[in-house]
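Per-chain residue numbering starts at 1, and chain names A, B, C and D are given in the order in which the chains are listed.
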Amino acid sequence: MTPAGIAPAERLITAIARLILDPAAPPARHIAVGAASAIPAAASWLVKKLGHDVRLSLLHRPTGNPFTEGTRELFDLAGQGRIDLFFLGGGQIDGQANLNLIGTGNWPGTGARFPGSFGSAFMYLMTPRTILFREEHTKRVLVPRVDNISAPGISAPGVFRRGTAQALVTGKCVFTFDGAAFTLASLHPGETEASIRAATGFDYATSAQTPETADPTEAELALLRGPVCDEMHATYPEFCRRVWGRETTDRNAA
Amino acid sequence: MPQIDLDQLAAGVPDGAMLALPPDNSLSPAAFAHALVRRGVRGLRLLGVPVSGYVTDLLIGAGCVQSVHTSAVTLGEAGTAPRFVAALAAGRITVTDSTCPAIHTGLQAAEKGVPFMPLRGVIGSDLVAHRPDWKVMDNPFADHPDAILLIPALSPDIAAFHAVCADPHGNVYVGRRRELATLAHAAKRTLVTVERIVDFNLLEDERMAPGTINGLYVENVAVAARGAWPIGLLDEYPLDAAHFAEYAKLARTEDGFRTYLERHVLPPAAQAAA
Amino acid sequence: MPQIDLDQLAAGVPDGAMLALPPDNSLSPAAFAHALVRRGVRGLRLLGVPVSGYVTDLLIGAGCVQSVHTSAVTLGEAGTAPRFVAALAAGRITVTDSTCPAIHTGLQAAEKGVPFMPLRGVIGSDLVAHRPDWKVMDNPFADHPDAILLIPALSPDIAAFHAVCADPHGNVYVGRRRELATLAHAAKRTLVTVERIVDFNLLEDERMAPGTINGLYVENVAVAARGAWPIGLLDEYPLDAAHFAEYAKLARTEDGFRTYLERHVLPPAAQAAA
Amino acid sequence: MTPAGIAPAERLITAIARLILDPAAPPARHIAVGAASAIPAAASWLVKKLGHDVRLSLLHRPTGNPFTEGTRELFDLAGQGRIDLFFLGGGQIDGQANLNLIGTGNWPGTGARFPGSFGSAFMYLMTPRTILFREEHTKRVLVPRVDNISAPGISAPGVFRRGTAQALVTGKCVFTFDGAAFTLASLHPGETEASIRAATGFDYATSAQTPETADPTEAELALLRGPVCDEMHATYPEFCRRVWGRETTDRNAA
């Protein structure tokens, strides 16, 4: 099923890149990528290295950071409507695309405590498109209803909101989100509709025949392993080592 | 401005102070935090600007902290902040959860001298129900129902960070990390460590001034060479990933954390006694 | 970013646009304003950020302006802005009076993407009664009556200024004149003239980045050497006081102002025809 | 009456410096000076050159400006309560210390139009002490009631305000302000209680015996003509030429 040599991370990166390029979605002229988001960052770089006219703002480059108003500028940009696409994840994600970055159990995470909400409660409402990404696909993560809402997937009338989730990419599949519920859109190699149903805590729609998540092309793989990895390794050295075997030789790039 | 040393700077932080700290990617004052641990400060109320990292986890592990107000606590690629999670589970600290732009907004309100400032988004998050200090009102400029969040001004007792350099007038260079300028404007007192003191006035240099915080906001500066270590400092030196991994591993347990303190934070005497 | 010339830049300003301009001490785009006069733009709604000077007076005198929103119009040591005063008295323009921090506040609200922002002070000034777009409300965070002013977000159609340099990516260096960063963030379009284009990425240079506006806010850049003249530009060149005095003297009368335009602003053809 | 060689401007500068140093007033650790304020700027420099521990923020130095947040920083500083003393003037000033920088007649100055309010509507309320300065002392300027209030001298209860006018210095005299009304405090050489009354449109209190405004001392004059002028001439070349005969030799300092 899996073509020899395609790393699972490479498939996820490519799947996200295709969602970014979805012509049916609002244009993504400016993509921002937050902390600890190696796979979304790589997907964004792939789109750019494929030659698309897109501006990337990567928050956690140790130097050459695009912002000059400090960490506030990302949020100001989103407030101004100048960020078209952002990525979010969650310790829990439910079928209404609600995100929980607080913790399980009662507030503030009496079960398992997660890191905290970061900017999600703001960015999710201010950005026309959000691609949700969470590699772990289990009933622990994909739940019927999140224990605590860090950022809501759907807002009441009269609450200013520019957009919500476009899709959710996991280690097993791609779901798309229509503003109310998820639909299973493609299966990664080795997965079936039954295996997804068994691993997913929330309900979702399916189409008559769910396709497989497409393989990266040779051209995409070449870009990932060369120029994309070049751009990534200063910020994500461990990821580049693990996925592409890129060792850090320049001490200053660590 | 009289220069003082790192321990004198740490001595200026009283027990119970509300202490604002930048995250690991933005001039985090690690050497200063080590000095606070050695001084044995207690009951700090930490504010993450806007998130918290190694320094917060370390101060919590060392028993210096009573509460954390932050948008997240994380060691980045090194994973969960173990002492934060353990202390919260054990009930030794409380956490006030926020979201990054809300912390920026509260500091901007204090910078501007207004009692509150509005912020879009957030409504619909459970954060709102757990922040009785926040208010939701109807936007008085809209001709239709339009709920908007109001964040009260946030003025920390003390802001602390580690910058590249300062001059003899107390002007401090933070480069593009301008959230620290807002923080210094908002805070009642600002304590800074720097790599070095330069011998010219940073504000008289048109190339340096844009990245400089005016000394009028700065109470004291102490020199601490490599004072962000194990965190990196702009283009001066990178994060020490091996040390970070060591911290993340040792701090998983109380005993491991004590070992870390003895190895890297406590004075030689305490290390010898250990 | 494709580079265009000064006249092409001026051609991008439609009649009737709300055009925000810095005052004479802060990167005022004088050469650009001269190009606007030559282009014959009409009906501009000018915004002073936060006050207005030579450029505003010149555009008013040349008949390009329908209204001015500002905290003051002045030629500084050269005195009153004569064409502003004359046009206002003749009813050829209207003025919306503000106060400096209210203009900053409106731009900050637009920068932050919120519909309004509060501001202390101002209440008791007759400004409030003449600004139906402002609102006074009771501070909802106070436990006693506490009236506070709310300023609506202010998002100019176009911001224009003259900076020291830009790079090929459209990043623009403004140094410590950071109100222009806020202005560029708040404006729908930003047009910039510069002394020169540098051949490196300003945002990749840790020393230049703090004084740089990210090119994502900048629509177009045109080179205009000494483009602030007769106004000064930071430490690059000083205000031309003799020229300013000449302007202040000639602009006292309509005829004198025409003479000034013919001498210094209109193209040689028009000068020959004069 | 006038000691030979003391320029009127020098007397005004010294009078303002003494008001700054008034031990009965709140401390002036940080003084800000706005646009086109040569005499207040000189008074602030004199206080500093006399050896007092005071920080000066001068807004309109062409280089070496103290602010790095642009022109907003002055107002933010005042909002934070970090500016102790500021100077204001007015096209009209009335007996309640109201300032009119808008114009005479109806709004927005259907008689004589003044430049506009600048930051006065904010600074006057946010600053613990304001020293009013207006060289012209006539019934045209000092009026019973200003035609338009740019900045109010007195605020209603429930309006946040840190302070108001400490004093008003004119070309003829010094008035002090007690929060409700002016009192004639000293007469410049050549003036009498009657000449002040005749030139003043608003009512004010007088004491039994109004002293003369003190002469600058020799030490003060030496400071003004040397180090104070040195500090001033880059920002106020015309003033320094007129008062102290200092010619601008450096083109770049103009």
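Just so we're on the same page, a residue touches a chain if its C-beta (ideal position, glycine included) is under 8 Å from a C-beta of that chain, and two chains touch if they have at least 3 such contacts.
Just so we're clear, the structure is a prediction, and the values are computed from it rather than from any experiment.
The minimum number of touch steps linking chain B to chain C comes to 1.
Fewest steps needed to get from chain A to chain C, stepping only to touching chains, is 1. Separation between the centroids of chain A and chain B, computed from CA atoms only, is 28 Å. Per-chain CA centroids place chain A at a distance of 59 Å from chain D. Averaged C-alpha coordinates put the centre of chain B at 41 Å from the centre of chain D. Taken residue by residue, chain B touches two or more other chains at 108, 112-114, 119-120, 146, 148, 176, 178, 181, 206, 209-211, 234-235, whereas all remaining positions touch fewer. Within chain D, the positions touching two or more other chains are listed as 63, 65, 67-69, 79, 126.
Chain contact topology: the protein chains form a pattern that is neither a line, a ring, a star nor a complete graph. Contacting chain pairs (ordered by label): A-B, A-C, B-C, B-D, C-D. The touching residues of chain C, counted against chain B in their complex, run 105, 108, 112-120, 135, 137, 139-142, 146, 148, 150, 152, 174-176, 178, 206-211, 234-235.
On the chain A side of its complex with chain C, the touching residues are 30, 55, 57, 63-69, 73, 76-82, 126. Listed in rising order, the residues of chain B touching chain A in the complex are 23, 25-26, 50-51, 70-74, 76-77, 80-81, 84-85, 88-89, 95, 97-102, 104, 108, 119-127, 130, 144-148, 176-182, 232, 234-235, 237-239, 241. Residue ranges on chain B touching chain D, taken from their complex, read 110-114, 181, 185-186, 201, 203-204, 206, 209-214, 216-217. Considering their complex, residues 35-36, 60, 62-63, 65, 67-72, 75, 79, 101-102, 107-109, 113, 115-126, 148-152, 154-161, 236-239, 251-254 of chain D touch chain C.
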